[in-house]
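Look at the two complexes coming up: chain A is in both, with chain B in one and chain C in the other.
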Partner chain A sequence: MATANLLAPPSNIAPPAALALSQKAPLILSNPPTSSLPWPLSLLFSRETPESWAIHENLFLSALRTGDEESAAQLLSRLASRFGEHNERIVTLRGIYNEATAQTPASLEKVFEGYEKILREDPTNISIRKRRVAVLKSLGRTSDAVTALTVLLQNSPTDVEAWAEASELYASQAAWGQAIYCAEEVLLFAPTSWSAHAHVATLHSLSASSTSPPSLSGLSLALKHFCRAVELNEGYLRAFYGVKIVASKLLPLLSDTQVSSRKRGEQDDEDVPVPTLASVQKLDEIATKKLGEFIRDFGSRKKGQSGYDEAEIVAAKELLSR
Partner chain B sequence: MAEPIVQTIHRDPALFWWILLPITVVMILTGILRHYAMTLLQTTPKKQDLPKIRQQRSLARGLSLRQNANVLSPAAFSARKAYMVQAYQEGKFLAEPEMRGKPRPNPMSDPAAMEGMMGMMKGNMAMMIPQTLIMGWINAFFSGFVISNLSWYFLTLFGLQPVYNFILGSNNAANQVSQQMGMQNPAAGMMGPEQDPDKLFLAEAENLEVLEHRWILEGIEERLVEKYAV
Partner chain C sequence: MAFFGTVLNTIGALFLTHAIYSAHEHTTAFANTPLPLDITLELLVGVIILSTGIVISADKLKPIQYAKWAGQISQEGRHGEGKYTREGEEILSEGDPYAFLGLDGGIGGKGEGRRGFFDVKGKRKEYDEWVRGKQ
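Our next item is the complex of A and B:
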């Protein structure tokens, strides 16, 4: 796992890391990358690099996340003076700032109206469309958010981020079929991403478990995708965890269906090959062994060195002790 | 003891101060000037409108479906294939559905295409004019030792890129050599103005239809068991 820094977008970092990043704000704010000298001299003395603006942007996001709104406002004004108020990205960043500082639902509505206005002028502004979905989501209007997202996806069907978000929104409403469809769409753009495979597998497993008795084909698909995630990354704890859970659900079903071969014939219609009992048992053993290894490895190393989250390890321990 | 023969080239010591240095300085200055002239002349690329974006990205989606179809289960793939092929054949994603089946207009009469060509012309002019002027200037001003001057001129012409990188940053427009390299294969988009998007969609539909689908997750359980058995 890469350590968090200011050059990568801070979307997936843990709260302590975000706090550490946002504490760099005074240092960066005290060193403006553009020079204050008059024009020809400013060209010679500016320390501006492409990275300096990426750093500003990421620091801005981290600052908002940790509630340092003063620094965020300063960073934003610096970015705006460099790129102009009407730059598409600056408009989006200002929107994020307004969203983050909105105290009441009413003020959030106001931000939303601002987005509507921008989109009426320029319907191609995809990032504002995304912000609009985010506001709808935080206002709790999930079905509106889904509608807005589907419109966005009709116009820009190669947007992986939007597909992932749609998958999550559908999953939150337990619309598993749609959620799986969207997750598969993500998979099409990132076919070797183990986390995308694990996500599809999780959705299959949840959807299969929502019916009773759990659907055999759904669980088989979940097992397959978790297996693929393991194949792509042997150190992926979540995938082994998933393999173990799905296997534990599949084992009783499989031993049942093997007794009644009539039911098995029924399953063959849905062209998902059901795994054999023996291989599921083997996979269960493998997953148990690997999870045990991960837990031992985590215990023997210093904090933050094994690359696993403490929460993941705790969950794995709990699963093994069941 | 045989002394090693020292080879010396006899040249006028004034050559450095009066030929090499002025040419180098002039070349660097023109490069910088050209960079700023290009920055000024550049027109911001025109924004695509929403239907165009949709048309382009829908085609890209079909491409990625075709390339990565192996991750999908047969059921998921055939559902997508059926939808995409039908939509492509009906021309559902076309930006201008009414233009379907009609011949494409001549790019010379399209004002948007003309603008692009003007931009290219401007770029070419910004390179051609200084180049011609400087070469003429060198020829006229330093006449007498034309050979050595012109060779130094060409050396600086091709060798100043690192100097420009140092002064202007790495994506500058100062050096015409790199510009000409870029000109050789202009970024011909997947959907140039001349290409009929409808034809592209139909071709993609056909590609999808003949695609042989192999599921990469087939038999993965056994594969994994085997791998960990060792």
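Our next item is the complex of A and C:
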């Protein structure tokens, strides 16, 4: 079953899936992939594959989230004996273990100080820097997390994962301008990523809707990026959903022709082409048709056979019945 | 279809081997006469059957258009192809190559987030609440 696969865990692990994943611990723990024989023989009798360690790491994380600390400790010691105590990744995993087992905020602060110590010894340890941001975030100190993240990004500006994190952190603070900037950096590194385009579009649409009346240029940009996501992935439900939402916001603005012609004159210097009423209507129709197709397709497949979440389909149905 | 392909491959390989053996025997026995027609025909038939078998038993082609390929991933999701690792985990078909960006959950969504910034405390709390809600 696809929901409890340790090699490729789903992109959203709900608690029941996490439980199913961590219940595989006894099986994995009883079969060590490395051999216990002395050196030359251990090479011959080792049964490890690259996948074994990915499975161990994923199992470690799901054991921690379900509170199975014993299994997690065993998995960690197995990983440490294979890759060495000072391996950057093992140090990070140990940090995650300490974070998870920290009961009070004070002990979490201690873990945080441990990270500072590691960074004093080796300031280039990027994954520990990321852990620091994660701890600050879970302590609720979002502005400190943003500062730590900007330092990280100054030192390593090609880290696309960190740009994505920065974008979401800013978005959680409703700092739309900064969030859009970071998301556009992500687009520079991953221009063919449909989810990154949909993310930028969502940010534009949220930032445009935060002003009243909604800004026409923001909505146009949102529509543009959602259309790009559709262009990259013709089965992307989220993008079609976004096209429909943005179009429903744009249509009343554009149908007020007087406003739109005036706005269009203003927008020229900002270089955001505003779509015409007819093309937005057409896009709306296409999105409606496609969403209907996805819903029918989901209904005709067996459970677990479709790539879409049930929640996505329910949301699309609700949007169409409005 | 895979079985049919294997049968064709076996027959084709047999024909081909037999044709080559015959050709070899013929040239050693009668060095200066041309190759008889039946050996040539057998060779050609063997090659054609073998090629057909190889084409039939090949994997299904992937879409070469990016949008179609990505659409297939989104629509069908990841599914097993009958191969397992030693630990008993099924090896799934390819998924979204940009899933590591963690941008698919939406703003403030309940996704897994990015691996480097794994929020172990938050996930643990979510799980604890679920367990308490069930009791």
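Miscellaneous remarks
The rule we apply is simple: the second predicted complex is superposed on the first by the 293 of 322 C-alpha atoms of A that agree within 3 Å, B and C clash if a C-alpha of one lies under 4 Å from a C-alpha of the other, contacts with A are read in each partner's own complex, and residues count from 1 in each chain.
We take it that contacts are C-beta pairs under 8 Å (C-beta built on N, C-alpha and C of every residue); 3 or more make two chains touch, one makes a residue touch a chain.
All of these numbers come straight from a predicted model, not from anything done at the bench.
In the superposition on chain A, no contact is made by A:V246 with either chain B or chain C. After overlaying the two complexes on the shared chain, residue contacts for A:S156 are found with chain B alone; chain C is out of touch. With both structures placed on the common chain, the touch criterion links A:P123 to chain B but leaves chain C unconnected. Touching more residues of chain A than its counterpart among chain B and chain C is C. In the overlay built on the shared chain, the residue A:L93 is in contact with neither chain B nor chain C. Once the two complexes are laid over each other on the shared chain, residue contacts for A:G235 go to chain C alone; chain B is not touched.
Shared-chain residue A:A198: touches chain C; no touch with chain B. In the superposition on chain A, the residues of chain A contacting both chain B and chain C are 231.
In the complex of the two chains, the chain C residues touching chain A come out as 66-68, 70-80, 85-92, 95-108, 110-124, 126-128, 130-131.
Residues 2, 5-9, 11-13, 15-16, 18-19, 27-28, 31, 33, 47, 49, 51-52, 55, 61, 64-67, 96, 99-100, 108, 127, 130-131, 133-134, 137-138, 160-162, 164-165, 167-168, 171-172, 186, 190, 192-196, 198-199, 202-203, 206, 231-238, 294, 297, 305-308 of chain A touch chain C in their complex. Every residue of chain B that touches chain A in the complex is listed here, in rising order: 47-50, 53-54, 57-58, 60-61, 64-65, 68-76, 216-225, 227-229.
If you check the complex, the residues on chain A that touch chain B are 122-124, 154-159, 181, 184, 187-189, 191, 197, 221, 223-225, 227-228, 230-231, 270-273, 275-276, 279-280, 282-283, 286.
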